[in-house]
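Written below as structure tokens is the structure these notes are about.
Chain lettering (A, B, C and D) follows the sequence in which the chains are written, and residue indices restart at 1 in each chain.
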Amino acid sequence: MDFRSDNVTGAAPAITAALAAAAAGTAAPYGADPWTDRLTARLAAVFETEVAVFPVVTGTAANALALAQLVPPFGAVICHEDSHINTDECGAPEMFTGGAKLVAVPGGAGRLDPAAVDAAIRRTGYRKVHRVRPAAVSVTQATECGTVYTVEQVAAVADVCRRHGLALHMDGARFANAVAALGCAPADLTWRAGVDVLCLGATKSGAWAAEAVVVFRPELATDIAERRKRAGHLLSKMRFVSAQLLAWLDDDLWLRHGAHANAMARRLGAGLAAVPGVTVPDPVEANMVFPVLPPGLAEGLRAAGVLFGDWPSEHADMVRFVTSFQSRPEDVDAVVARARDLAVAPAGA
Amino acid sequence: MDFRSDNVTGAAPAITAALAAAAAGTAAPYGADPWTDRLTARLAAVFETEVAVFPVVTGTAANALALAQLVPPFGAVICHEDSHINTDECGAPEMFTGGAKLVAVPGGAGRLDPAAVDAAIRRTGYRKVHRVRPAAVSVTQATECGTVYTVEQVAAVADVCRRHGLALHMDGARFANAVAALGCAPADLTWRAGVDVLCLGATKSGAWAAEAVVVFRPELATDIAERRKRAGHLLSKMRFVSAQLLAWLDDDLWLRHGAHANAMARRLGAGLAAVPGVTVPDPVEANMVFPVLPPGLAEGLRAAGVLFGDWPSEHADMVRFVTSFQSRPEDVDAVVARARDLAVAPAGA
Amino acid sequence: MDFRSDNVTGAAPAITAALAAAAAGTAAPYGADPWTDRLTARLAAVFETEVAVFPVVTGTAANALALAQLVPPFGAVICHEDSHINTDECGAPEMFTGGAKLVAVPGGAGRLDPAAVDAAIRRTGYRKVHRVRPAAVSVTQATECGTVYTVEQVAAVADVCRRHGLALHMDGARFANAVAALGCAPADLTWRAGVDVLCLGATKSGAWAAEAVVVFRPELATDIAERRKRAGHLLSKMRFVSAQLLAWLDDDLWLRHGAHANAMARRLGAGLAAVPGVTVPDPVEANMVFPVLPPGLAEGLRAAGVLFGDWPSEHADMVRFVTSFQSRPEDVDAVVARARDLAVAPAGA
Amino acid sequence: MDFRSDNVTGAAPAITAALAAAAAGTAAPYGADPWTDRLTARLAAVFETEVAVFPVVTGTAANALALAQLVPPFGAVICHEDSHINTDECGAPEMFTGGAKLVAVPGGAGRLDPAAVDAAIRRTGYRKVHRVRPAAVSVTQATECGTVYTVEQVAAVADVCRRHGLALHMDGARFANAVAALGCAPADLTWRAGVDVLCLGATKSGAWAAEAVVVFRPELATDIAERRKRAGHLLSKMRFVSAQLLAWLDDDLWLRHGAHANAMARRLGAGLAAVPGVTVPDPVEANMVFPVLPPGLAEGLRAAGVLFGDWPSEHADMVRFVTSFQSRPEDVDAVVARARDLAVAPAGA
């Protein structure tokens, strides 16, 4: 019963099979292979528009490459203070951009508030030359808090970007969960709402290591190929990444994975919220649950073999459970049952 | 009959099988998994010494991370003018080091000459503060010319490094071919000869995407973990890379792959050298052959479906054939036979 | 009546004279001249300890060089959210460090609170490898709010640094004002209180362009010489900078300049605070006054030829007056008198 | 008798006087002052075209800022192997560009050969994505060898640039010497010949520390302002730099300085060439002489108090004499006389 993260999983069987099928024969290296061509065509179909696609193996690489394309070294990215690019990439955006600044903005439930974004842009751009130049805004979809931006919420941030001439980047490490949660068209949630570049993640959703920088405005993709090579992210056997992504998109596997993980999280969130002493402050909209546990409960669950993460926040005892494409309902129910038992009869009672 | 590069191949069956076996179950992410622990232990055994190991997915990443550890932004790397780090990584070493300089030195048969290295170090370090500080030397083993350094040749370069206080980096994208060619102990060819950091490549030798930075002096590995994360090269599902490397090392698969590819190259080189009008200037010591073809022969071979690369050099008509773990003797022989036919009765004759 | 900044001034007569005196004859370039040698000796005497000294022409360069010495590319600097390095250097620390992150912390009256620094270090260093590594804390003395840290307050921040193994950097663009305000020994306010590197500024205090990176622990100065050259800040005619600094230190000119500017600011602050409708929220401890003006007063003063800056803050109508070594009491009194006149009989009344 | 370099001098009296005159009064900081406005107008007149002008204090800063504007991080600069940017700036171009590569090309008498530039561009740009993208060519005028490019020679290099879509940068640390030597219009030697950006140096020619990045195509100047600030090269009291440059341009002081220094070098070169055993391999076209001295002569001259530099080259005993705006004919003649005496009656004879 491992809920530490969606990246503790291995690979989905369909993806393993696709890799085995792609292993034979020779192919042109560095992305000039048929798998990568098919991937670009497939993503154009999924997003209902022409796209430039750059497969890579980590979300950190995808985000940093996208931001390096959008932001000059003397530029700034407006982002949520809890965003992955700000807190969990060890400065990759700074490295890839050549030293741009991330301007971190607070925001409820992991979402950026358009008014706060507007204020940050004005404040950062106040003294030209002396301050870094605001150049992009980044949103995470689904957010690091397990919530999702609605189409309208994305569009509201995009509207602020357009007014100030900034680009809009979307970190979609859990984009499949967001699309599944909203039931909307991928195009509506991205370029039609004003997103310029999406980093689309499959790794947390059943792939080994497969992400794609998806650029909706070709004129913004001029340098990514060279930057990707220079960052060591142009795999010679690129088909290996592209084949994963193709298998993940086939038969809507990505959306089925997203919907399943979301359902498991809702089930877990509802179950835990009903346990005496447990609260779940944020809504459970994707595949993560952040409960606040009463004293002793975390230890009790861990003693019972349930794995999950601490999550330091303003709530002293908040923890994080992440569900995945392979989470099982019986395991979810077992966690809830065990929590209820422990809450009713605490250890040492 | 695809001899364009050893990276046009897919994955060896044993590696595909290892991935399938590793796909199930959960594991701690970011390298805290049992596969990665086993890999470190295995490489310590292979190299007969304690090592720090950092698996990544490309040789460019491995080289750039290693050099960033060894060389400050105001430093210099002495390398061969034809070295991969100098000509085929789009400035990755410059990016990862924060702008260090690669000082390119000519050298026969792809090898650095110790005296030329010594002169380059003296020249570069001549005016302190004004010139960049020489900090590392890089050798490629096997070289980009398809030759190998003997143990004594590596040691001679290392001796120059030691005299000047520089570190020695080995780009081992084709290290397996070199070890197979020399029949020596991996330890003799690396740390015992004075190599500080080896970038060990499996991708060109049957893996999907698997390389390892192997650090022989632990005190030199202080920053690689953070730099790897920051470069987007810390895979969350690290077991995927480690499992490839383990399968590649199991039962000496790596050495068998290296020996096979080398044998195919020697067979091809000997065959082509016997074709009228063809010369093979450099010795064939690893898995590459660089023949100079008479007019029309390259076109004739390509028309017959033989794939290989142009190789601009001082020889106008030099081309490159690369053999791999899956090259077949019958294909090699067919290429040679076709070349002989074409040379005897040229097209248009 | 120009109170826009202390950098709207030219040069003090003693400094102009020193430059004229230094103009004749030849001298070894790049800092190997007698002026620079004398400067190092002089600063060792001023600070009562051995120091390594690196003269440069801007405070931005001094700060960025110092931080690049202290912080790796994957590191973090904890600083006040209003600090010059964070808001007015267009990302120079990010550029010089190779992309380190500035972690901005709020704090009353422009000062860092030790507990907030401690919390920021803990939060930033929470997830090793994933987050940047906290490596230095930066304080500005006098602060950007016109306040000063007492010796005890500096020591309290230094204590946090020591507990976590971080270095302490002091941006002393207005260090002379701080020393004059506190009447303490320069050594007490710096290395004896735990400061590792001071960026000592003379430009705002009567020089043309003269700052010095003063390193109190020689083992921390290993790379500054090369980094300074590489950043284009190693002047060939270094005597030009050193001569300015020597003249500024001679006969305690620096402290007299600081004391005079401080006195002018206190006089202005007290005068304005007595004007009906005007408040001066922060104490006036150095050479800056930040009054909040009633509607119309700023326009009225400017119409009368008084120059000063807007200062956006939580107070909508805050402005900034900066006094300097050449501010005249009669000008200060004239500003106050004019403000009183306008406040009593507002324009349009 | 100090011929070590033109940077061992102090400042010319006219420049010292201009600084004294500029020291009084207040002025808007950061280049928004009347001196800087006048400087831009003056340079537009000198070059007979609109220019964007960015004053800085070192040639290294000027060159690195110009190149950072012209070359992306994944780009390359083609330059002479002995160029200052390649050998004497400790990697400043690499730092400012974010890690671009300098492709060093040999060339006789310090000049780039257009055919060699063309070959280097073709070779570097051969494998897109894998190799850095050639983006600019840099010439030094006068060269590091004391020669000058004629207008036609500059145009020939520019023609290669235009054919490949590269920008042309001119390091004009000794531009005044080149213009004086050729007697041509500054416009003819720069933008009319195809130069896009000139780094115009006054420091070696009588200023304290004053250089200007002069951009002949305004669309190429978009980022220099922010990059200059970010590099710590935006002086708050910018009038100090601009006033030096204005005084240097006034009454053609710059050309008089250049002509004088050139004349002194010719006199020295001719005199030394006539000394038995001395050869002067390169023509003396600007203000430097590189004689090859017979054994013992260097020591004898130094023992007599003559200062000059060693100059390691293919000639084991080459040394460098540099003349300046303040070199005196009697000192030049004294050096020649002493050399003749020593050559005729060597020490120890």
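Note that a contact is a pair of C-beta atoms (placed from the backbone, for glycine too) under 8 Å apart; a residue touches a chain by one contact, two chains touch by 3 or more.
Predicted model only: the values in this text are computed from it and were never measured.
Trainee: Considering only chains that satisfy the touch condition with subunit C, which of them also satisfy it with subunit D?
Mentor: A, B
Trainee: Among all chains, whose Cα centre is located farthest from the one for subunit A?
Mentor: Chain centre farthest from subunit A's centre: D.
Trainee: Between subunit A and subunit D, tell me the centre distance in angstrom, where each centre is the average of that chain's C-alpha atoms.
Mentor: The computed centroid separation for subunit A versus subunit D comes out at 51 Å.
Trainee: Centroid of subunit A to centroid of subunit B, CA atoms only: how many Å?
Mentor: It comes to 34 Å between the two C-alpha centres.
Trainee: List the centre-to-centre spacing of subunit B and subunit D in whole Å, with centres computed as mean CA coordinates.
Mentor: Averaging C-alpha atoms per chain gives centres 41 Å apart.
Trainee: Return the residues of subunit D touching two or more other chains; collapse runs of consecutive numbers into ranges.
Mentor: If we look for residues of subunit D contacting two or more partner chains, we find 73-74, 89-91, 95, 98-99, 129-130, 226, 229-230, 234.
Trainee: Would you pull the subunit A residues touching subunit C in the complex into a rising list?
Mentor: The touching residues are 73-74, 87-91, 94-95, 97-102, 123, 126-127, 129-132, 312.
Trainee: Within the complex, which stretch of subunit D touches subunit A?
Mentor: Per the stated touch rule, the residues are 30, 72-74, 98-99, 129-130, 133, 223, 225-227, 229-230, 234.
Trainee: Okay, in this complex, where on subunit C does subunit D touch?
Mentor: 2, 4-5, 7-13, 16, 19-20, 22-29, 56-58, 60-62, 64-65, 89-92, 95-96, 203-204, 208-209, 226, 229-237, 239-240, 307
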